[in-house]
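Shared between the two complexes below is chain A, which pairs with chain B and chain C, respectively.
Moving on to the complex of A and B:
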């Protein structure tokens, strides 16, 4: 039955008017049949929960109380009056912006180095694989690798002390002045390959003729880089930066496994702040309000991402 | 190309390139190398002074401890099982959706496309709270089902975009040949399109597996019993229990990274092509 419906082959001409009509209607349904399972799943497990979290955020004692009352914007007011929320927001933005900037800088530098023909092709393809490695590691594993390296008795302190850059054992993850920077550094290490891979693909797509023409006009390497390479890569730079921003903002396991948001609140991010509200204090309504704030920030960046994607 | 290769114009840039690559290599690979060798040290040697990369005496005792502990072996079985099921389900649904997107035009197509792209960016923490409520209400708290369903929501958008990108590169004549012969689009999809889509399918499968293997937040919150914990949670528990068994934690990390490294190396060619097609153009 299904097979004859989905066939694109024309219906036998003998079929009556009514039959042909329903056949046409059915044929129009075919694409919908293909996209239904995914759509259904995403509506049920994405849109519906988002509506739920919005509802929770407007209630008093969601999940915990059997008949939680409507509380208006009270939860949002409570959240906005909490200084830890603002500190988390600020730290999330610092962590995210620094990460994206350095992901881009390192990604571009490595992509340019790997793209030159000055390097032996075999070495180049081996290095390409090795440079992607950090990306393949789970956040939890990245967290414990860096906890080992940055342990007060660890190798990083030892090397820095031998070089006389520091003269005492720095407690990178447990001092309020260094924790956020240590965390950001670990995340920079883990995340640059996405930029590198995308920019490398972009570099290979730039027509050689552009460079030749500029060479004839007497442009030097720096000018070629600035007036050809960067503008040609711009669409990729913009879309990957936006995606990276959104994903980095959602950071959770890396923080949870290194500092847990501490010491005190020195590395509290919006995600850990929200998680603790929900699953340590069981304040699901407050947590929902905070989660909605995160969603709104994410969605506004997503809006620019989609606009940018569609313009291309 | 000039015949005479002057030092300033040719040798120096080459040297600088190699130097840059060497610095980059140390930056990228040193932490990983350190992890691998630490897993082969005895625990007393981890913080030896001065620090040495190579262990004085290689020992695989950390690995043996893990293999002899049924609880830890179970973490791996759970991770493989959940990631495997999620990958198969995601691929099946994504192939159907991608075929619909790539071969037909229909009302709401653009809306649906925007919807799927934007679901990529929904913060997991926002969904975690309602998921927790739902999972408890449907009595699937602390089950594989809770993990599989919630992971699907995050793997599906990427998989659909990657597969659609790939199917768009295949000529429409392929399925038209089947349709002209009187076959259905269903036949065209599974008999013709899927067999020639290996690169796209492999890339999607690897990426899906990677996403579910790495998932932490949902596994942490939606399961509770030791029997259902996955590798990332297992490592976290190991860290809490005996904070100083560094060699064992490193061995666990090596074992936890191994499937991704193997998959990546095997599927490298497909993976990079697929990833860039997906992330750059989507």
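Moving on to the complex of A and C:
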């Protein structure tokens, strides 16, 4: 390691030249030079836009007014006084928590199925492809698929009516009582493969000896699952759950392309609420304040993620 | 390669580079952002630009094209960051916001400088007295009727009044066959259904939603229209799934023969024919309130054109606007796009060759183009406000009167 730094560091300066850094100082600078490109990119592409949004959120009529003035926390007060914001926040949390929980449950169930030796290897290979399919579709395709399936004249209603489970055409995305659940369901379907793939990799890494030892001690399958599988998978479960929480909270395309936040405000999420403020009302300051709120919620989850990573 | 040969090669390369660079710097390149190119046959708009470049040596046009929604977002961001293209394709719904933001220029001075004959322009959209947009091509919205469904239901004449329309819609509805009389798209993602499918009923009866430049939504005509549409919904003649339906879903249902009637743009005629060549359909003017005999307002949407305030090449941009608005080019463009011209002297060829367009032209000439959302502040948001209130009305949460009153309240806050 020392040898490579020495090799990369410039040669010792000639003695007697004024204004040039000493060899010792240059050597100290080398590590910083290594991280400079990444730091510059981080500042330009992440910190600068974030600082701009924060600045806009403290201004009155940012972007739209040439003489936009400092407005303090007024934009935050305005959005906090908007009942649609609180409804969006509640619905975002419902959508996110339900999605993460079911992503985990489905992901784990499918990962266990793909990991077991009790299923024929050919069938397992076919299932592996089938189960991962939703992950290959873009949000647009997912939105189109579910809009067609859940159309009042769509396949889902047709099947449910044939089975006499329902006796009228449910307007899944058009009814205030079903829209949020239909949307969450579509998102669960679209997102479980992330858990499935990660947990499957985790399952394959668990030592078989642990199960053999447990078997000798007389543990049944449920006990093995509870006392070996789950603890062994816990680091992956926590990491993926936190990441999934952050990503799901910011979901925009699926919501926008299926319901647009409606009917009324039944599926309004913080992302659609913010988008409408910016691109329909041209209230960029309010939109920035709303975006900062999303950032704070995401960062609070990120804090737990970092803490968890540090503990590991 | 010896040194002399290398030197010669380098000199030749330098000469070629200098020549290219000189010609590149000699040309003025202007950007033209719009959503029209993807909606026209491949290469059609570029061909018109090539003709412009041939007639105006020294000016090159770069087309910045994308779908409608993407273009709108790009224009909003470009206006905010001061990087808006020189020539801008505009929708009437955006004009007020962009003008107030100082993003689009007044064309009055440019017209004056060029001694431009304003009388040849069918309509000039003004904000605060400044001419900021010319509708280049207008797409009117008549009622499309599936003639086979109509004939099977015993509807013999095209509905001309609201009562006739309601009656025809009832006859055409057969829920057991998933067949409905009318389709109404009220998705919040794109709330243009309010303009095209709801308020158009007000304008077709010669009424208005505005008074002295302010919203007037509690008037009898608007409330009456909302009550009429609510009644259609209660009668079960509207295809289900209203709140999640978008314009493309509406067209899809009509193409598939699942609805008997829809209010739609003439721009979709070719699309409908392509999707279902066997579909037997016709068009008629939007029905008016019973007993109304005056001229009928016909809803329309435009491909508008304007110039960016931040453009460093306003004169060149004006030349392009002038070129596109000229009778010959405007006629050519609207013939390709199946639209009505922005220049009163332009003659699109489709009105004589196609019976549907001939009928549309007749309707167009017997009425007047009406779209009161053009030039209103945050027009799309106004539509969305009304959309939410209408959804509450359809959901049984409020009456038509309350929906109108609540929309009025929301709109006044935006004016």
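The rule is short, and it goes like this: the second predicted complex is superposed on the first by the 274 of 312 C-alpha atoms of A that agree within 3 Å, B and C clash if a C-alpha of one lies under 4 Å from a C-alpha of the other, contacts with A are read in each partner's own complex, and residues count from 1 in each chain.
Rule of thumb we're sticking to: a residue touches a chain if its C-beta (ideal position, glycine included) is under 8 Å from a C-beta of that chain, and two chains touch if they have at least 3 such contacts.
Only a predicted model underlies this, so the values are computations on that prediction, with no experimental measurement involved.
Superposition model on chain A: chain B and chain C are shown in a clashing arrangement. Of the two partner chains placed around the shared chain by superposition, chain C is the only one that A:276 touches, whereas chain B remains out of contact.
Of the two partner chains placed around the shared chain by superposition, chain C is the only one that A:64 touches, whereas chain B remains out of contact. In the superposed model, A:284 lies in contact with both chain B and chain C. By the document's definition of touching, both partners, chain B and chain C, reach A:153.
When the two complexes are overlaid on their common chain A, residue A:169 makes contact with chain C while staying clear of chain B. When both complexes are overlaid on chain A, the residue A:139 reaches chain B alone and has no touch with chain C. Ranking chain B and chain C by residues of chain A touched puts B first. In the overlay built on the shared chain, the residue A:49 is in contact with chain B alone; chain C does not reach it. In the superposition on chain A, contact of A:259 is made with chain C only, not with chain B.
Overlap of the chain B and chain C contact sets on chain A: residues 63, 151, 153, 256-257, 279, 284.
On chain B, the positions that touch chain A within their shared complex are 13-14, 17-18, 20-21, 24-25, 27-29, 31-32, 34-35, 38, 46-47, 49-51, 93-94, 96-97, 99-101, 103-106, 109, 112, 114-119, 121-134, 149-150, 152-153, 156-157, 160, 179-180, 182-187, 210, 213-214, 216-217, 221, 231-232, 235-236, 239, 246, 249-250, 253, 256-257, 260-261, 264-265, 268, 272, 275-276, 279-282.
Taken in their complex, chain A has these residues touching chain B: 2-9, 28, 30-35, 37-39, 41-42, 45-46, 48-50, 52-53, 56, 62-63, 106, 109-110, 113-114, 116, 118-119, 127, 129-134, 136-141, 144-146, 148-149, 151, 153-155, 158-159, 162, 189, 194, 197-198, 201-202, 236, 239-240, 243, 246-247, 249-250, 252-253, 256-257, 270-271, 274-275, 278-279, 284, 287-288, 291-292, 294-295, 298-299, 301-302, 305-306, 309, 312.
Put simply, chain C touches chain A in their complex at residues 72-73, 76, 80, 97, 100-102, 178, 187-190, 240-245, 258, 378, 380-381, 384, 387-388, 391-392, 395. Against chain C, in their complex, chain A makes its touches with residues 63-64, 66, 147, 151-153, 169, 171, 173-176, 179, 256-265, 276, 279-282, 284.
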